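Each remark here refers to the structure printed beneath this line.
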Amino acid sequence: MTDYLQVQNIHKDFSGLKVLTGVDFAVREKQRHAVIGPNGAGKTTLFNIISGRFKASSGAILFKGQDISGKPAYVRNRQGVSRSFQITNVFQELTVLENIRSGVRSRNGMRYNFFRKPDNHRQINERTEAIAEEVGLKGVMHMPVSALSYGQQRALEIAITLSTEPELILLDEPTAGMTREETGQAIRMIDHVTAGRTLVIIEHDMDVVFSLADTISVLHYGKILVSDTPDTIRNDQRVKDAYLGEE
Amino acid sequence: MISQKKTPYLVIAAIFALGVLMPFVIKKYQLNMLTEIIVFALYAVSYNLLLGYAGLLSFGHAMFFGMGAFTVAVSLIHIPGLSLWSAVLMALMMTTAVGFITGGFLLRHKGAYFALLTLAFNSLFYAVATKWHKITGGDDGLSITRPDLHLGFTTIKMAALTNFYYVTLVVIGTAIVFCWYFTKTAMGQTVLLMRENEERMKFLGYNTNISRLILFTFTGALAGLAGAFYTLHFQFVSQSAISVDMTTAVLLMTFVGGTGTFWGPILGTFVYIILQNYLSDITDRWPLFMGLIFIVMVLVIPGGLSQIILSIRSLFSGKRNTGKPLAAEESSS
Amino acid sequence: MSEVPVFFLHGLAYAGLLFLVSAGLTLVFGMMNVLNFAHAAMYMLGAYFSFTLLRATGQFWLCLLVCPLLLFIIGALVERFLLRRVHAYGHLHELLLTFGLAYIITELVKLIWGNFPLAVNIGGFLGQTVAFFGVIYPIYRIFIFVCAIIVGLTMAAILYKTRLGIILRAAVNDSEMVNALGFNVPLVFTGVFAFGAALSGLAGVIAGPLLTTYPGMAHEILIDAFVVIVVGGFGSLGGAVVASLLIGELQSFGVLLFPKLSLALVYMLMAAVLIIKPSGLFGEKQ
């Protein structure tokens, strides 16, 4: 199996502050890969670079064999990359339906049309409902975001990420701030919705990581310390010293 | 469910019917004012697509209004025998081009920077219009006569106010209805995304630069159409049509009426023009009065008159009201 | 060609005036992220207050002292009671408020003083000319430039040599952090805003005798001030200095060399900066 996502020697400086100092790892198709590491290690910055929010200072990102390093975020999304945000980043005043549909519309080429109404488009609305159902939001589809609970908002965050039918899904701490019970539900939901797709997930919650991940990379102060299977990572001394030992 | 979907269309039909009856019901000078109101209503509605729907504060909308106004005048003066439609069409093409080009410049920046730049550009256009008196008539302005409307089988004389009123009602009225329809289309919803979270849009496959440019050009063209009919109505245009004062006027109309609904700016236009007409007989300083209303709204009632009206309504029906335009389903008009 | 030194000096005088107006504007924008459209209205108030005070007392020096003080108080009140109130609604609302204020102030001025130009005569020492370098030059314009330098140096001294200055510069960079460190940032904001208003008012007092005192003077200088902070970079005092000089001289020589285009020159400079370095000569990328 060829490498689906290749992160090659990524460096990122922010006005002198070196956040990433040579990150290398690869993910295979349909693999589930977790990135863990202490706060401030640069995990979200890494996602920002893969998704196209920032440009790397040096290094390359390859997706399906193509160099996407210079491409703007919207192009990467159209090619199949989608990411979620650690702090819920949705369309606040719109309803759940409108939030999810924004991505579904985009996927179906209905972005700048002056004449067609999304309300009248059956296929788009059906797909939107299906996604809402997958994340457990079907009952609140017509409610505005402000009326949702925190857990529901996090579910919406994931729903929007899925709405563009991505092949590569990047989830940034999807269970942040959740209770034990909400986390359990979230794990089941993520397992279900990312079936058959490639997933890279940033997480602090080790239960989530060991439930979902096929492989794990440990990011430590801007560099990958080690990339391996969960069992190997669990028993790696360096990782224990650097990170797991802090728990 | 069906009757609910048809209601807006019934309302629109009723309004048009009312409009058709107006010349028989109201006095001539009132009809004059009504024509002016319809023209400015389009100007305000187009402005609200930027301000209320997209969250873009522009201090330069008069650029397009004035551009449309001048293009009609200049083309009618320099091209003898030019038809009404052709003059209006030229105004549309001109403002679309200007919107596209200036948009390319201005839209790279956001927020206050964008507002600042639109103000600067508007001032520049005004300065050019004032200096270039060979084309624009400078301080004296340009006078035109409305060309008659040739419809193949008949010719409608445009010198009469009533005839021009009907043309305005049909053309500008249709444009306003199209704007309303637009808010429910895919692009109309994309505009809302821009206001709510432009950053996130990029990660959903939207090219936000193109989105902004399309909207800016579209609203500019609409303002240009309003400007074109402004000149046709008054049969005169001077640099005031492209001044910052003209931008301030539409800002006031839109904001006071309420940026949170589609019809708010239309209401604001009514209020502004009627007040202007009656107050200017009493005092020279009626703009101060408008300005005070504006400030009070900014401080206390940011949703304008439409917020007040909706609040009263929700007291009775219990519906919620956020003060921002919502997409399709929740729209309360 | 003997005109060149004269035009150069004219440029310096106008640059001085521009600096006094834009310095406050750029600091407020850099620090509070509020573009104060009413800033130029404060300038105009300074000029009008000065006109009235001068008519009453005949003492220009009194005007220079009192009017900026009045504007300081007005600025503080505006920030504390109006701007802060609207802050919760977002940046758009802050802009609308300052714009509305500018509008109302202009209308009030027209109401109280009339919608026509006023003549401001100062006479005395400042009204005379002096000869140097083979040129007869009005002292008043030199006075303007000297004022600007004094103010500029004082501001630089405060910003770079005092503890208050460090706090201010830090607040321009990251106001939340400064707040988190325990400094009373709202008070700092009020102070800076008020100071900016006072500076603008001082500029108005000075501009009165030089330029025409009329209700449109606010808009006139506002555009140039905007160009200064765009070219100089937001929040940068050094940028305001350089840009003021640039634009002052451009306006001055522009009238001499390209009379037809002189109006557009300033806009062209702004357009050029926007294309080449959008954050301004000394600005930081936002």
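We call the chains A, B and C, going by the order they appear; numbering starts again at 1 in every chain.
Quick note on the criterion: contacts are C-beta pairs under 8 Å (C-beta built on N, C-alpha and C of every residue); 3 or more make two chains touch, one makes a residue touch a chain.
Just so we're clear, the structure is a prediction, and the values are computed from it rather than from any experiment.
*Asks:* Sort the other chains by how far their Cα centres are from that of subunit B and give me the top one.
*Replies:* A
*Asks:* In terms of CA centres, which chain lies closest to the overall middle?
*Replies:* Ranked by how close its C-alpha centre lies to the overall one, first comes B.
*Asks:* Where the centres are mean C-alpha positions, what is the separation of subunit B from subunit C, in Å?
*Replies:* So the centre of subunit B lies 34 Å away from the centre of subunit C.
*Asks:* State, to the nearest whole Å, the distance from the C-alpha centre of subunit A to the C-alpha centre of subunit B.
*Replies:* Using C-alpha averages as centres, the distance is 42 Å.
*Asks:* Between subunit A and subunit C, what is the gap in Å from one C-alpha centre to the other?
*Replies:* The mean C-alpha positions of subunit A and subunit C differ by 48 Å.
*Asks:* Inside the complex, what are the residues of subunit B that reach subunit C?
*Replies:* Within the complex, subunit B contacts subunit C at residues 55, 57, 59, 105, 108-109, 111-113, 115-117, 119-120, 123-124, 127-128, 131, 244, 248, 251, 255, 284-285, 287-288, 291-292, 294-295, 298-299, 302.
*Asks:* Given the complex with subunit B, which residues does subunit C contribute to the contact?
*Replies:* 29, 33-35, 82, 85-86, 89, 91-93, 95-97, 99-101, 103-104, 107-108, 110-111, 115, 219, 223, 226-227, 230, 263-264, 267, 270-271, 274, 278
*Asks:* What does subunit A use to touch subunit B in their complex?
*Replies:* On the subunit A side, the touching residues are 51-53, 72-74, 77-78, 82-83, 85, 89-95, 97-98, 102-103, 105-107, 110-119, 142, 144, 160, 163-164.
*Asks:* List the residues on subunit B that touch subunit A in their complex, please.
*Replies:* It comes out as residues 182, 184-187, 189-190, 192-193, 196-197, 199-208, 210-211, 214, 322, 324, 326-330.
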